[in-house]
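You will see chain A twice below: alongside chain B first, and alongside chain C after that.
Then we have the complex of A and B:
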């Protein structure tokens, strides 16, 4: 295994240069952006590339903008950028809430959206939010570009469809309707700097009074190998008047949609219960926000 | 007159006229710590340094068949590889019983065990060399549970068996009391393996100096005892070893025992005069460092309808891990405190300190009392609820006052402020308005609870250990004064108290005092920084020494000026005439005169701490003479959907005797509250089959600022007659009653009792689920 002191770091100045470096399959290389995951893996000797391709300074991949095809978020956009973006607060509130729950302020300042996606942790806080915003991930290599819907992007814990010569170059999300409101719920062992035991994102279309829901998307994290869209629960959203009793009834079904494991942080039974609890709490808080809007 | 008696004749110091003592004084080391300017010893690096690393055991319990070091030795850049064969003296350490090998020879008993040491040119080469050492092990059966360890089935981890100590206190007749009691409560409580989680992990420097002195710079909690333990292993005279043990990036008891001092000393003997550094990574610190003893505590309490507690029976089993360290002292203190600051006439308490293969447990702030206070305090609340009595009233009814007999059967002669702390609790805003607060949860599915608890903690060593303090004061060439006191700066702010006392007694500005702590070449042996003793001990030691400095200064001035010494006083680093306060000479002039005449400008003195005369047989050191007391009122809010619990408010009501520094006291009450919150709700080092499942601060959850509530401090001052300023100690008791208070507040909020700490959201949720009625949502 290579010694840490012998590892090289190269910092490409442009995307083209980066793609060229990635294309050199002779070399064992790996991307590093904010380093909030990569440095930890390096310290644990889990990631030991010969060359780190440092893309942190590649500002062409750091942007938030809107066009007719959707909202485009550059992969090097930091969580702090997301939290502060007026556009996202307005048209993708659930993503700003999720970004605000990642680690602590220092991690939010360094960590990037592309890193959170590429790392593919089942506990990644921004990913359920991207699910409910129907995100598409653009991947580029020296030979071209392809776009993958987020539901097809993750294969398992830490595993994605990204090829070794590819890099995430764009994240495209659906802007929320004016009638749409989102929420992100996280249960961790403490409030700050924690890894989710269960997390939950919702984005829901409501009528003006908030009495009826016309459609909604719900996603759970940390309760399966990848994020889980709770489709049964989603279909129940429109069945009845959108109120406390409906959310309670939906929450009673939520545990059936998830497939959590037991680990040092929580038992699978508790995680199932918490899928229900976070769904109920999230929708109750969402109603409150709608009222105050 | 003996030294001890002489010191005891101090008149009580009047606090009203004080310039420094009892005031709100900023820490002398505050700015450099806040800005990060202060370098801890492990922050330093030197150009000619070498790096030391420790090879830890691969198995929690195994025979060592062979240790192969040649490959490691031949790696370029490796300076030395050491095993047990390289130990010149005694291969063992341990404060109470030296049962822990410095480097294991034939058996490893936990994954904290050290098997070999490496020194190399770089940290990376040292790591590589560690990986090249091949140890041939034969795994043995792992003892994972203390109760199991006590049975005949478990393999012996040490020649005398797995029960290292068994201590008891009996008083009255519990069987009769249980027979006649109106109510009996019986429960079992489990406590977590808390980690000190100091900001500076264990580490330091070793160096053989040109004159042959071995210098060990390593954060510690008792330089003289570290020196003794080093000298025993090296087989050299302690006088040849210079230990610098201050400042520390946090101690909390975790640096009371030897950490890496002996490894540094052994390596330094082989590095040809180059300084060697060891600094544990956080992961290694989690695995190898001391932890708090997890306890299983069975408690049975009897009470009458009128709220009088008539009997308490306690059986406490402490998992000390593979080695004793301070375990037997911890369990003795637990037994002494297991019945709370009450006067229960019939008690039957026993405690066991038991070996397992679960790492190592040792000293930690609270020293066994944290684990046992939970039983009696919870049962008192249960009794109060049963007879419909106010939880503060029932405590007031049962606490002992000064001059009364405690539960362990001794007359308490030192100051006792419990009753007053309870009165303050009863009148505090949170308690009187609790119903208003409880009716205003932040969200509809949340519930709030308010609860109170009280406890106590001994100050100083037990009966069977020597306990003394010493200080020296030196006049410096620039006319300033240097006060040197043994107990280290481990984060408590004791150095600020020492500067305050010295400035007060020598009538000068605190800025004219420099403080030295924890350095065997500068400070006299003054005992440990532990046992809540350093404010009491240091302040009294300085108070016994200051008159000697005044005598030296006024005597010298009298000699120089031919004025009677009785007419001379000191003020602002000058000697003055008592009558008109005119300046006669400056301290610099006195210094010059003394040094020309080759007279020492340094004075020193010592005293013995007061002790009880009669020991409680079989208790292992009870009773103590002095105790600090503390009551906490807390408010929590529980999310009934998830079990997440916030401590929203804490009222901390300490009786530490006279307050020496209000700001320092608040530092202690606030830090203690946060550490108590961590103990109760979050912290636990998980060990399974002898292996640590917890590896770093990512999975060891300590409270952050977002878990830190509003903390209010209301001091009660019951002056301790044996200290010249009336001071006692506060470092430990500030984190104790908050533990049962939070547990009871959770019950007050939800009706659920968690008896296994930490009370994680999952445990609280499950406890709520089993009480059913309190959970609005039960999903399945």
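Then we have the complex of A and C:
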């Protein structure tokens, strides 16, 4: 295994240069953006590339903008950038709430959206938010680009469809309707910087009074090998008046719909209980926010 | 070995070192600046906080090869005994330090937090902004008081409030 002192760090000046570097399959290389996952893994000797391809300073991949095809968020956008973005606060509130829960200030200043996706942890906080915003992930290599819907992107803990010569070059999300409102809930051991035990994102369309929901998307993290879109729960949203008793009934279905494991951080049943509680609390908070809007 | 240049506490510096060394190791071992401390080494405690641009980051999780040409400010750049910053003065006045291990990181984080706001922060705001900095001695109360007092002094000096 290569020693840290022998690893190289190469900083491509442009995306093209980066794609060339990634294309060199003889070399054992790995992308590094904010480094908040990568350097921890390097210290644990889990990731030991010969070359770190440092994209941290690649500003052409750091942007937030809107066009007719959706809102485009560059992979090098930091969590702090997301939290501060007026466009996202307005049209993708759930993503700003999720980014606000990624660790503490220092981690939000360093960590990037592309890194959160690339790390592919089932606990990644932005990922359930990206699910409810129907995100599409653009991947580029020297041979072209392809766009993968987020549902097809993750194939297991730490595993994605990204090929070794590819890099995430764009994250495209659906702007929320004016009748749509989102929420993000998280349970972790320590408020400011903790890996989620369970997290939950919702984005829901409501009528003006907030009495009826016409459609909605609900997603849970940390309760399965990848994020779970709770489709059974979603189908209940429109069944009846959108109120306390409906959300309570949905939360009971959530208990069954999630598929958590037991690990060092929490047992499976505890995660089910918490998924159910976060959904109920989240939807109640969402109703309150809608009333005050 | 690689030649790497960056601005450190306002001065242009050049180091020759392995580029996958962490910035924290370079600051302490190559630059002789031992204010920034290593405690957890994995982003959990904030004792290694430094400013890049004007944002606080954990220098234990960034490779020196990633900070080429960046402007870095450590606690030493914020102030030394003879030119202390209002934040540092407030920490002394309020007795907001005991063993002192967390203090440099907290000064750095507080400095960047106060730069962004124009009012005396509430306890809740301070807890959120400094949630990434652990202290095992003080129980935080005096740290919070010191940051509020620094904010008051800062605005008094600049005549903003």
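One rule holds in what follows: the second predicted complex is superposed on the first by the 293 of 293 C-alpha atoms of A that agree within 3 Å, B and C clash if a C-alpha of one lies under 4 Å from a C-alpha of the other, contacts with A are read in each partner's own complex, and residues count from 1 in each chain.
The definition used in the following text is that a residue touches a chain if its C-beta (ideal position, glycine included) is under 8 Å from a C-beta of that chain, and two chains touch if they have at least 3 such contacts.
Bear in mind that the values here come from a model prediction, so they are computed numbers and not experimental data.
Novice: Touch check for A:270: first (chain B), second (chain C), both, or neither?
Specialist: After superposing on A, A:270 lies in contact with chain B but is clear of chain C.
Novice: Contact-wise, after the overlay, does A:176 reach chain B, chain C, both or neither (first, second, both, neither)?
Specialist: Neither partner.
Novice: Could you look at A:255 and tell me whether it touches chain B, chain C, both or neither (first, second, both, neither)?
Specialist: In the superposition, A:255 touches chain B alone.
Novice: For A:247, decide between first (touching chain B), second (touching chain C), both and neither.
Specialist: Touch status of A:247: no partner.
Novice: Quick check on the superposed pair: does A:35 touch chain B, chain C, both, or neither? Answer first, second, both or neither.
Specialist: second
Novice: Determine, under the contact definition given at the top, whether A:281 touches first (chain B), second (chain C), both, or neither.
Specialist: A:281 contacts chain B only, not chain C.
Novice: Return first, second, both or neither, reflecting whether A:96 touches chain B, chain C, both chains, or no partner chain.
Specialist: A:96: touches no partner chain.
Novice: Just checking: does A:85 make contact with chain B only, chain C only, both, or neither of them? Give me first, second, both or neither.
Specialist: In the superposition, A:85 touches no partner, neither chain B nor chain C.
Novice: Based on the superposed arrangement, let me know which partner A:5 touches: chain B (first), chain C (second), both, or neither?
Specialist: In the superposed model, A:5 contacts both chain B and chain C.
Novice: Check chain A for residues that touch chain B in one structure and chain C in the other, and list them.
Specialist: After superposing on chain A, chain A residues 4-5, 104, 191-193 contact both chain B and chain C.
Novice: Quick one: in the complex, what on chain A touches chain B?
Specialist: It is residues 3-5, 104, 187, 189-195, 197, 248, 251-252, 254-255, 264-267, 270, 272-274, 276-278, 280-281, 284-285 of chain A that touch chain B.
Novice: Can you tell me which positions in chain C touch chain A when the two form their complex?
Specialist: Residues of chain C touching chain A: 2, 18-22, 41-44, 46, 49, 55-58, 60-63, 65-66, 68, 109, 112-113, 128-133.
Novice: List the residues on chain B that touch chain A in their complex, please.
Specialist: Where chain B meets chain A, its residues are 122, 124, 128, 443-445, 639, 641-642, 644, 682, 686, 693-694, 698-699, 701, 703-707, 760-762, 765-766, 777, 779-780.
Novice: Along chain A, where are the residues that touch chain C in the complex?
Specialist: 4-9, 11, 32, 35-36, 39-40, 42-43, 52, 54, 56-57, 80, 103-107, 109-110, 191-193
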